[in-house]
Structure formats: structure tokens, C-alpha cells
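Chains here go by letter, A, B and C, matching the order in which they are written, and residues are numbered from 1 within each.
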Amino acid sequence: MADLTQTQIAQPTPSRLRFKWNTIFDHLILIAGSLLMLMPLVYAFITASYDPVTIHREGLALTFGDELGSNFEKALFEKGGFTKTVDGMVMLKNSFILGIGFAVGKIIISMMAAYAIVYFRLRFATFAFWIIFTTLLLPLEVRILPSYEAIQRLGMANTYSGLIVPLIASATGTFFFRQFFRAVPEELVEAARIDGAGPVKFFIDILVPLSRTMIAAIFIIMFVFGWNQYLWPTLITTDESLFTLVRGIKQIVLTYSDAAIPEHGQALALAIVAMLPPVLIVIFFQSWFVKGLTESDK
Amino acid sequence: MKLLKIAATGLVFAATSASAQTEITWWHAMGGQLGETVNQIAEDFNASQSDYKITPVFKGSYEETLTAGIAAFRAGEQPNIMQVFDAGAATVIGAKGAVIPVQDLLAANDVAFDINDYIPGVRYFYADADGKMIGMPFNSSTPILYYNEDALAKAGVTAPKTWEEFASTTGPALKEAGYIPLSQSHLPWIFTENFHSRHDLPFASNNNGYDGADTEILVNNDAIKAHFSALKDWKDQGLFEWYGTGWGDNAKPFEEGKVAMWLGSSGSFGGLVQKVDFPFSATMLPYWEGVTAEPKQTFIGGAALFAMSGKSDEENKATAEFFSFLTSPEVQYGWHKETGYVPITEAAYEVAKEDGHYNEFPAAEVGIQQLSLPAGDNTKGYRMGFYVQIRDVMNREYGRILTGETDVETAFANIEAESNKLLERFAKTQN
Amino acid sequence: MKRAGFTNPWLPILLLVPQLSIIVVFFYWPAAWAIQSSFYLQDPFGFGSTFVGAENYTDIAQSIEYRKVAWFTVYFTAIVTFLSLSIALLLAVKADNVLRGAKTYRTLLMWVYAIAPPVAGFLGIMFFDQSHGPLTRFFGFFGWDFKLGVDYFDTATAMIIVAVWKQIPVNFIFFLSGLQSIPRSVREAALIDNNSGFRRFWDVTFPLLAPTAFFLLIINITYAMFDTFGIIDTMMKGEPGANPMTLVYKVYLDGFRGNDLGGSSAQSVVLMVLVLVLTIFQFRLIERRIHYT
């Protein structure tokens, strides 16, 4: 502290000046960064206020048209599809089920597995570890056809569980929890054992509450991942009442060679709708999210 | 196991169908407004009778629909009707036992069928070597030349009949008048497959591939190489522009009035009416007078409906009834009017004529007229396996020609070599 | 494993069963299926097939186009990883520096995280539209006649920009939390030792951030290799043509789009091996890290 004052006394003016300039410079970079990141979304939102013909002819716009309300209304409430039951709200619901079901399922399954790997003396622990972690990076796109066959044989096509379960197969969640559990102080287990707590009690009473922020972080990551799936839901669902938002958007965007004008205004409106829930969740839980990541990273 | 399951579902259906409607499903790839029209047709069919109920399901792009259908078939969960696009036809028809030939299906269910009721260019594209129709043509279109009437009037020219005319007169005059004279939207379909048909040139060995899987592509020929050399020259001279492989990217400059003439699909008509604010019309696909003095018909692109096998007799009966409904002149004319796709039967064409549709929109008739031109030995279509990949190879090499990355000779040598490799691989999948 | 672990014999097995069974059904069985079908050429409907030995693999090895795709994947992965990491790091350092508004910036920069890849690709198409895309115009202003879908280099550039844009928020969040977990005392000491912000960053902050950076490196490599699929697919507009593509997209093209099960399975196996190497590499890095912290 004394040193600090000394340096400041030694060269008072330049240091303070530079400090200020640095701060302004920092803010400038951050503002520029935020602008670049958000501009596309602003464009998308404003362009969602035009009719398809205008968008087709003029592309993205930066001044509002007068179709904003009707595009959002159509995107959310216009009954589409053959059964005339699918609207934006149904797709929203399905996306929520997929996102939440996937995130919750993954957290439960991977916490259990990570707990077993980290806290138990298990003869085949290394083996189980490798069996799980070789799956860490292989994406669904590469194994999509056999996965489809498996789902069909299990009679899970056109069900929510058929949508969700195959996506849970990769081990990312288990990996995060393993890292986190390993950083939990040893003393806790010892203390629990001295108190006579069994493994189940330790898990539920101590480990789960301790992992709160980690669970929140993983929930957000997995929710967004599940929410944004496209190829798998398209392949696995034929029942219109199971269609998700991303699939709905792609269905509109897909009309490249179509004779008709694609409803891009509606697609953009739907894209904004599809973006909001995960964004709100991310922003709402951001402090937990950041804390969870920080802790996992030790 | 799989068989047992199929049998079991068959039994369940047999048991219930006595009292209830027979339900069938139809997987299709028609997004956006076309999807709405598909839904309308299905609703009309359901309303027209009470024995059967069809449910259409949108399954994504053509490729996604085909793959979903294949995966479902392997698991014994296939739909009754699957829409398959032109390039995927060989895969489906090659898999003997995957589909019931539509001609057999109709005959077995006492629905009258005569292939000569269909428009000539439509008849044999989805047929086998003996001329038996396997898939029911659905959204059928053929490449035609659209032109901006204002642009042509300004340049003082008429739409070209031949490429020679385009190169010497139409192109330069349009360029002079401040337009990019020409663009096109699908090089493999328009400038390769239909190029061969229009000039009656063989496109592949084995009768364009219809007679067997051990086929070799004949694309490395002088006529088409000369065509692509000309195309590259035109691009360099500003007579032609290429905006990428995407369909819409090439159509857009025409819709915006920058490009004076655009080669697209006869099915584009409906959309163009909505999109453009200048008078436009259409004419037939130009040909090289130096190659042929008697240009022939083109064949269809788009997609067909296939009746999948492994279904109960009741369901097949329902499928046959639906096909019968779909090919009725009224439904065909409605589809034609709504979407711009050609009506597939002569009877529907007559209805459209009587209704005065072509007096109002002469351009809507060009596709059918072109499909009804005299046939030649090489005009019924082509049948090649892994054709999706072959088209991808063509698109890739054509793109490289037009961006100057490669020359015409090398590109066609590559296309020939890679296509034949793919065909050879495909032949091995058929044993 | 914890030194003070439990010794219950059946509970861990019970805990592992759900994860293991899902993995066996949806990972190992499909992987085995892929390995098996990579030695065959088969009709996709399952009627005909020919055992071809290693032919599918030799075909890949000999294909000039496959090599081009592989090289593009390498370049694409390297550039996307580098750019999205460095831009995010810059923003995170700045957001950590400023006292006022840090939370606002954090909130603003998180938005894009939630966008679905196909939607990002769709926005990319509109921004790089040949006739009226704002970015096409922007580049045109500098004399760059940007042509998405025509020019290989331009298309690659557009794909990279969209992929980086989509990935910056994730990296930003991780970097920022990494920075904020550096103890106050260390920062203050660094401030005393060194007045130059830049030097201070490289000498003190960056080494402390290295574990986060390593972790993110792997995450970003897999993102660029696999999760950009939706972006690339949408930006191709359904037609690959002469456009650049990544290896996983090629698997999709040949297998899913072209129904060449044998060829695409062989490509899948190649990717699986690649991914396995990457995973082992990642664990060795992480295990080492655990030892010295």
C-alpha cells in the first residue's frame, strides 16, 4: 500500500491521465464488441416487421415496417400443419420439454455416474471411466442413422423420451461433475463418515447442495443445447404435435427453390421467439452460471 | 423380430379397419406454401369419401425425407406413401422390394391405368426398363426460359430459340440495353440432364441407365463441353452470370430486373407472378442448331410419390384410391394452377385449356408444350445410382469452371471419373 | 478417485447403470454399426450388400476432394478457434477491468450464446446476401466484391465470421469467470509490481488463466469441427456445390443426403479415431493440470 502511494506521488499526473484513457479505451472496446455482437439481432428484429415480398426484394432493414405485430402473431398463434393444431405456442412448449427434459435428465444421470466414479472404490472404475469418456466428443450427426434404428426398435419414435434420451448419450455432463467432485475437499467425506452418514445421505444432504451453482451452470449449457437441436427432432418426429421451434424455423427457411416466396418475416419473428427463453434463462441465472463455471475450473 | 412386428401391426390394423377408416400416411418434402397446398389436397381427399384417411407429414428437405423414409423402412415403420425426388429415384427403384410399382398397385386395386394418359415427358421418368411406371409423378416441372418482356422490347429482340441466336443477337443486344442477358438456376438439371434430352444425346450407357446398374456416364462429350466453353466465354463477355449453386440466388437478379432472361423451372411460374413487377413470359429451353436440327422434348424434374411395400391390403387399397384421386383432372388442374407444376395427364391439360388458363397466362403452358415435343431415343430420363453425389460433383466442377479455377476439359474428365467411380460403388450395393 | 471413498459394492454399479446403458445403446451400438458397415457397400433399404474389405477406406485415402475437405477443416478449426478465443479474451479482460457497467456488458455479450446454429446460419445468409446484404455492402465499400456461394474464399470467410460470432459469448463467459476467480491479493500485488497493463496481463494474469484457456481450446476445437454443422448446412442453402465444407458435413452429405452408407461409415470411423485421439490428449492435459494445482 505504501509502495502504491509512493509511485503515485512520484508521477502523479501521467499515471492518472493514462488510467482514465485506459478506462475510456476499455469501454470503447466493450461498446464496439457489444454492438458487433448485437447488431445482427437488432437487424433481425427490425426486419421481422416486414412482409415477405419486401424482405425478399430488399433484405435486412434498419427502420421498422408495419408488420411486426402481425408477423409475431402469425408466428405464435397461426395454426399450421395438416392437423391445424401446430402453432408457435405448441412448438414453444415442445422446445421447453426438450430443453428442460434433456438438461434435467442429463444432470441426474451424469451426477450419479460422476459420483460413482469419484467417490467409490470400484474395481472397474478406470474401465467405466473410459467407456463413458470416449463418448465425450462424438456428435450425433455422425451416428444418427443407427441411433434412429435403435429408437425405432425400442418403440420410442414420436415420443418425448425418444427425442431426449439419445441426446443424453454423450458424457459432457459427467465430465463437468467429475471435475467438480474431485475439487470438493476430502475432509467433507471424512466428516460425513465420522457422523455415520452413508453414501446416499452424503450425496443428497451434502454433495447435491454443494453442487448448486455447478448444477445451474450445466443446466443452462444443456438447456440451450437441447433447445437448439434440429436434425434429430426432424428425423425422429412425424407427429406434428411434437415439432419444435428450431424445426419450425427451418421449415420456413428451407424453401430455397420453392416457387413461393419464403415467409422470412415470420421466420425471423419465430427466431426471436426461439431465442428469448434461453437468453432469459442465461441472463437470469448469470451470476450462478458464472460462479458454477468458476468453481468447476479449479 | 422385424417381420413379427410388421405382421403384428398388420393384424392390429386388420382388426380395427372393419369398423373404422383405413388410415395412411404420406411423407413429403413440400415446405412453405407448397406444404399448405399438399395439406389441402389431403383434406379434400379425406372429405371426398369416408373409407380412408390420409395424413401428410412434412419431413424436411427432399434428402431428409428420403433418408427418414429409408431409416423408417429398415425399422418396419415406413409410411404408405413417400415423396422421392428425381435424383433419388435410382436408390428407391433399385431397392427391389422397397416399393410397390404404382402400376401394379393400381391394377391390384381395380383402378384403371394407361400410361398413355400421361403427358409424354412425364411417362417414363419413374418407370423401369420395360416401361412399367414405378413411382407416381407428383410435382413435375421442366426447365424453361423466362424473359423480362420490357427488357427484350428495350433491346429490340425476341426470346432466342437457339443458343447460336443468343450468342450472336439476343445476348449482345440485351447487354447493350444495360442488362445482364442470362442466368440459370440448376446446372446439372438444365444444362446437363435436359441438355442431353433436348439434343437427343445419350447421357449414360445401358439406355441411360435404365437397363442395369453397371452403367457408365457419358457426360464427357464434345457437345456439352462446347456448351460449357461457350458459357464461360459468355460469362467473361458479360452475356451470362452465375450467382452460385443455390437456386434462389440465380433467380433473384431476374426478379429484381437486373437479369433479362432466366432459365428456371416451369414450376417457378406461380412464385414469379407474386415476386416480379414487370411483364414476363416464357419460352422453351434453347438448343444448339449446330448439334441438332430437330430438338426433342425435355423430361421432368421434381419428385414422385412411391407406395412403400410391407403394408396391409386395406392400406394399399387406400393408397391406390388416393393416387386415383390425385391424378383426376380436377385435382391435377388445381395443383397446376396453384403451384405452376405441370399437370401430369393429358386429360388435366385439356381441362386447363378449356378453362382458359393459358389465355390468361400463356407462360404457364410452355412447360407442357415442351414435355409434349417429339421423343427421341434418349429423352425418357436417366437412372443412375448415387446420383445425388453425382450432381454434387457436377455442381462442384461447374462452379470451378465458371470461377476460372479449372478448365472445361479437366472438369469434365473429373466428373466422368468420379461419377463412374460412384456408379461402380452403387452397382456393388445392389447385389 | 477420492482417497476417502466409500466401499459399498453395489451402489456405484446402480449409479452407473443409467449412463452406461444409454451410452451402450446410443453410442457403442451405433459405433459398432458404423465400423461394420464401413466394410460393406450396401443398399440403404437393406436388400443388397457386398463385402468390400477396406475399399471404402482406400477410396477416402485416394480422394483428392476428401483431402481438400480435411485441409479446410484444419484451417477452419484453427481460425475459428483462434479468433473466437482471442476476441472473447480481449472482451473478458476489458469487462474485468472496468468497474462501472461490467454487469451490463456481460449481459449484452451473452445474448448470442442462445442462438440455434441454423438460425445463426440463416442470419449469415441474409447478412451476406449477394444483392443487399449489409456485410456484402460493407465489404463492397472497400472494393471487395464479396460473393457468398460463388467464391470459395468469400464463402469460407462468411462461414468463419458467423461461426466466430456465435462462439464468442461462451468463451467470454468462461474467460470472465476465470478472471474473476483470480484472488484480489494476486491482482493487487501485480498492480504494484508492474504498471503496464499489457505486461501485467501476460506475466501474471494469463498464466493463471491458462487452465481455462486449455479447457476452452478443446471446447472450441470440437465446436469448430462438429457444432458448426448447423451453420454450414444452412449457409450452403441445400447445395454444397464448390463451397467449402468440414469433415462432419461431408459425412452427412454422403451418408444422410446421398445414402452411401459404406462410404460415410468409413468417414465416421476416421472421425471417431480422430476424436478419440483428441479426447485422450485432453485428459492427459487435464490430469497433469490437476496434479500441479
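Convention: contacts are C-beta pairs under 8 Å (C-beta built on N, C-alpha and C of every residue); 3 or more make two chains touch, one makes a residue touch a chain.
As the structure is a prediction and not an experimental result, all values here were calculated from the model.
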Checklist entry - In graph terms, with chains as vertices and touches as edges, which category applies: line, ring, star, complete, or other? => result complete
Item to check | By count of C-beta pairs in contact, the leading pair of chains | outcome: A-C
Checklist outcome for this item: chain A and chain C have mean C-alpha positions lying a whole-number Å distance apart equal to 15
Item to check | Centroid distance [mean C-alpha coordinates] between chain B and chain A, Å | outcome: 40
Checklist entry - When the centre of a chain is set as the mean of its C-alpha atoms, what distance in Å lies between chain B and chain C? => result 37
Item to check | Residue list for chain B, restricted to those that touch at least two other chains | outcome: 61, 64, 67, 74, 246-248, 256
Checklist entry - In chain C, which residues are in touch with two or more of the other chains? => result 131, 237-239, 256
Checklist entry - Can you list the residues of chain A that touch 2 or more other chains? => result 145, 149, 250, 254, 256-257
Next on the checklist: Per the contact definition, I'd like the list of chain A residues that touch chain B in the complex.
Outcome noted: 53, 56-57, 81-83, 145, 148-149, 152-153, 157, 234-235, 238, 240, 250-252, 254-263
Next on the checklist: List the residues on chain C that touch chain B in their complex, please.
Outcome noted: 41-50, 52, 59, 65, 130-131, 147-152, 237-243, 253-254, 256-260, 262-263
Checklist outcome for this item: Listed in rising order, chain B residues that touch chain C in their complex are 61, 63-64, 66-67, 70, 73-74, 88, 91-92, 94-98, 242-249, 252-253, 256, 386, 388-389, 392, 395-400, 403, 405, 418, 421-422, 425-426, 428-431
Checklist entry - Can you name the residues of chain C that touch chain A in the complex? => result 1-8, 11-13, 15-16, 18-20, 22-23, 25-31, 33-34, 87, 90-91, 94-95, 97-98, 101, 105-119, 122-123, 126-127, 129, 131-134, 165, 168-169, 173-174, 176-178, 180-181, 191-192, 195, 197, 211-212, 215, 222, 226-227, 229-230, 234, 237-239, 248, 251-252, 255-256, 261, 268, 271-272, 275-276, 278-279, 282-283, 286, 290, 293
Checklist outcome for this item: Listed in rising order, the residues of chain A that touch chain C in the complex are 3-4, 7, 15, 22-23, 26-27, 29-30, 33-34, 36-38, 40-41, 43-44, 47, 58-60, 108-110, 112-113, 115-122, 125, 128, 131-139, 141-147, 149-150, 154, 165-166, 168-171, 174, 179, 182, 186, 189-190, 193, 198-200, 202, 224, 227-228, 230-231, 246, 249-250, 253-254, 256-257, 264, 267, 271, 274-275, 278-279, 281-283, 286, 289-291, 293-294, 297-298
